Amino acid sequence: MWMETSCSLAFETPVATPFLLMLRPRSGAQQWIAREQYVLTPSVPAVEFTDQFGNLCQRLVAPAGRFSIHTSADIEAADFTDTAYGAPFVEVQLLPDATLPFLLPSRYCESDRFSQIASSITAGFTPGYNQCAAIVDYIRGALQYVPGAGQDIISAAEVNQRSQAVCRDMAHLGIALCRALCIPARMVVGYLEALQPMDLHAWFEAYVGGRWYTFDPTQGSPCGGRVAIAYGRDAADVAIYTQFGDPVELVGMTVRVERLNAAPV
Amino acid sequence: MWMETSCSLAFETPVATPFLLMLRPRSGAQQWIAREQYVLTPSVPAVEFTDQFGNLCQRLVAPAGRFSIHTSADIEAADFTDTAYGAPFVEVQLLPDATLPFLLPSRYCESDRFSQIASSITAGFTPGYNQCAAIVDYIRGALQYVPGAGQDIISAAEVNQRSQAVCRDMAHLGIALCRALCIPARMVVGYLEALQPMDLHAWFEAYVGGRWYTFDPTQGSPCGGRVAIAYGRDAADVAIYTQFGDPVELVGMTVRVERLNAAPV
Amino acid sequence: MWMETSCSLAFETPVATPFLLMLRPRSGAQQWIAREQYVLTPSVPAVEFTDQFGNLCQRLVAPAGRFSIHTSADIEAADFTDTAYGAPFVEVQLLPDATLPFLLPSRYCESDRFSQIASSITAGFTPGYNQCAAIVDYIRGALQYVPGAGQDIISAAEVNQRSQAVCRDMAHLGIALCRALCIPARMVVGYLEALQPMDLHAWFEAYVGGRWYTFDPTQGSPCGGRVAIAYGRDAADVAIYTQFGDPVELVGMTVRVERLNAAPV
Amino acid sequence: MWMETSCSLAFETPVATPFLLMLRPRSGAQQWIAREQYVLTPSVPAVEFTDQFGNLCQRLVAPAGRFSIHTSADIEAADFTDTAYGAPFVEVQLLPDATLPFLLPSRYCESDRFSQIASSITAGFTPGYNQCAAIVDYIRGALQYVPGAGQDIISAAEVNQRSQAVCRDMAHLGIALCRALCIPARMVVGYLEALQPMDLHAWFEAYVGGRWYTFDPTQGSPCGGRVAIAYGRDAADVAIYTQFGDPVELVGMTVRVERLNAAPV
């Protein structure tokens, strides 16, 4: 499906403030960027680099005063998320090198503390995709999904003691549980068409059966219309903006996703 | 300055043909991509990756029949190319690791055969930027610049025996001469505002005084309005399209660069 | 100084068990590996790759039964650790891209929770090296250093509520505090000559004044004789061995460092 | 098989001279480095980095006067080189990104000029491994193998006009022919047990059937006992030493490979 995505941010910065941004989705196996726009107001010098996870990152110094960022894109994304019940667990010694960092515990995914619960949740399931699906079912049963971004970012261990969770929390818990089973798992931040209410979204991917598969505990079906903006170990790696120095005020944020009837021309 | 660039290619492909494309300029220290478009007709799946030089590369299979690619972008580029007469030669042992591949001979830049001529051309010049400038002067004196892309790509050794050269040839010769002096040098393919007649352009960069500087033997002045599309060791690395299998016919190619009066909104 | 280092590990593995090892120090700016040995008993196939931090990592499957790893090396290391009081803070926008991951919070360094305490500890100190030195002084004052590796790995937030700490804990706290000040900081695991009692050691590095400097809260002086084995964001990245699947028993571990009188021949 | 390899180089350097060295083989899928030694006489500071092909490279400045490098290693290598007649050609669009640079022409492998001859040599052979084997047969038929390193490095186009060739020449020709068929091919420099007379050796690898396979036109059988020191596009990338500035004299070079009866302890 063709989608038009946009994300606009407005800040009040008391003093000139360095930013690290991830707002430029890349064309990849499951998404093609046909048009893209990235407007800074006022216009300031910005540079871009590719981080260790392959994300395009923008660096700039926001001047004092009002600073806004408007990005938009026309993107073709898959209509449905691939599923692969029965896809097997990949023995650790056979995993590609590049997946190994996604086996280790990270800031918000203390997988080292989830061995027992992960084994218990997935008892009786075929190792691999079916374990991941069982983890998603567990999360959907244990936590009520609450749209929004939450206040502070909490870690999987904290999430697991609550009854409500935002998308990011559910992804963190899913990642921690997968890693506890030696299944590489990574965080994705992006757009999801038809999300209600519209906002940026977070889900996770797990590496089984020789590739990454999408899992989204907030959704009951393998809905497509997804655009990945950034991949990482957890929310610490994929913040769409990281601001350094004294806090600045985010005075506005708008996310829009519209389905297009046809390829843009 | 703000520029709108566009490059359109049309092919007749007798059979489905794999392509490797480099048509997505990246935001970098000297250029910011505010808008970008990349349209494939017919629309086919494409994936993108970052190559070893940091270029964004697109991979796709063009279907049999007419296949066209249209890219365009709004880009802010520097008004003038930086110059730095006197910027010193960097001792080889102090060069950043990432610059070392640009010291070695490559397909079209047989720097191993240019030691003597490079020394002779630059005799009496301060090691570093001034040597590069002397090399540019030599090239401008020895070769008449002929716009266009030439038929076959010829190597620096061949270029040096001619009296006329296209931009790519001049860049190859400049690179080979710089490397022969232990100055890292790399090829750039991109857009140059006000190029007459308009076409894709090629120039080179040399690493002196702790950074890369632009050198363009086709131009008498340090004119800005440059947009780099790809960097590499020579033309073999930076082809805007590489087509595999039986030859296909390029039936149309249009390059446009227009100066914009203001930042696009 | 020339040193001979060795680390031997012995495991009892109930079943064949995949391991990820980091036991091959690399030659780098401050250390040169003149001889190195890496013996697996029994001998099993092993492969090696370079991780995202530049560490050499070995992958293998330990067979069921007794499995031992013996590594040793002759290494030239600096006699003293460089100090640079007054070396300035590097503005975030000027930091090299590669240092940015070391600004973010990580599994054991919740730098996002240390802003206030970091500011308070370093109040009145010149931004940069002197802040890092003040952080080291704070850690040395607040925590009693206890040799050994501790039982579970605890995070900086937990460390900060204790009165005793192992080297790894002190490094985590130092890293979290530096990052809270926008100073990139990374974990180092390695050997330290003259450590009492001898063991593997952990310290941290901070990026100020345009390069990485060594800080070791366990030591009162800038003692050299250090060999870095691995760098990372925190202990999660630099485990000398990570074992996947059911726990195996570490039945023996010996670390030795001996000063050599002369370069080995 | 277990082998002990060694390579010793001695130079007379009129003035302090920067060197780039590749003399540290890495443990990889087909070789395990159990012991390794790298001695510089006199001992000078050296640093190491990983180049774009994954090779470990050492950088140092040789002082004026006699300078020698002695390296040795105990290595386990495969007894036989894998063969895979019938392994299929990988369609270009399915090749891993990392193999793509090995499809392009390079300094000594002008694959762009070998389309016709490559098609002719391999006419009637199944695309893939069998084409590579046919190329090796062609090279063995057309060229007499002469041990040694040759004087100047000549390119595949030049090799193809001769009747005698050193190992490096044969590898260049094989690489150019494979690439002309859209088969990724890369140069390997290393040790070969039982080479007569003993010297450093060069061969090539081609990517077919989903992995790299070894091809050595100098040998009539798939003899193992190989240790790769460096991989690259051609000889320009894999020189075991590159010396910058005024030429220095190589006054001695000794290569030894001995088969060990058992794993070293």
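Per-chain residue numbering starts at 1, and chain names A, B, C and D are given in the order in which the chains are listed.
In this text, a contact is a pair of C-beta atoms (placed from the backbone, for glycine too) under 8 Å apart; a residue touches a chain by one contact, two chains touch by 3 or more.
Which protein is which chain? UniProt says A, B, C, D = Transglutaminase-like superfamily protein.
Just so it is clear, the model here is predicted, and its values are computed rather than measured.
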(message) Over half shared numbers or under half: where do the identical copies chain A and chain B land at their interface, same or different?
(response) same
(request) Report back the single chain whose CA centre is most distant from the CA centre of chain A. (result) D
(request) Averaged over CA atoms, how far is the centre of chain B from the centre of chain D? Could you give it in whole Å? (result) 30
(request) Would you kindly tell me how far, in whole Å, the mean C-alpha position of chain B lies from that of chain A? (result) 36
(message) Could you work out how far the Cα centre of chain A sits from that of chain D, in whole Å?
(response) 43
(message) Can you pull out the residues of chain D that are in contact with at least two other chains?
(response) none
(message) Per the touch rule above, enumerate the chain pairs that touch, sorted by label.
(response) A-B, A-C, B-D, C-D
(message) List the residues on chain D that touch chain B in their complex, please.
(response) 18, 20, 49, 51-52, 57, 59-61, 91-93, 97, 100-101, 103-107, 110, 112, 153, 182, 236-237, 242, 244-245
(message) So in the complex, the part of chain B that touches chain A is made up of which residues?
(response) 26-29, 32-40, 43, 45-48, 50, 54, 56, 58, 76, 263-265
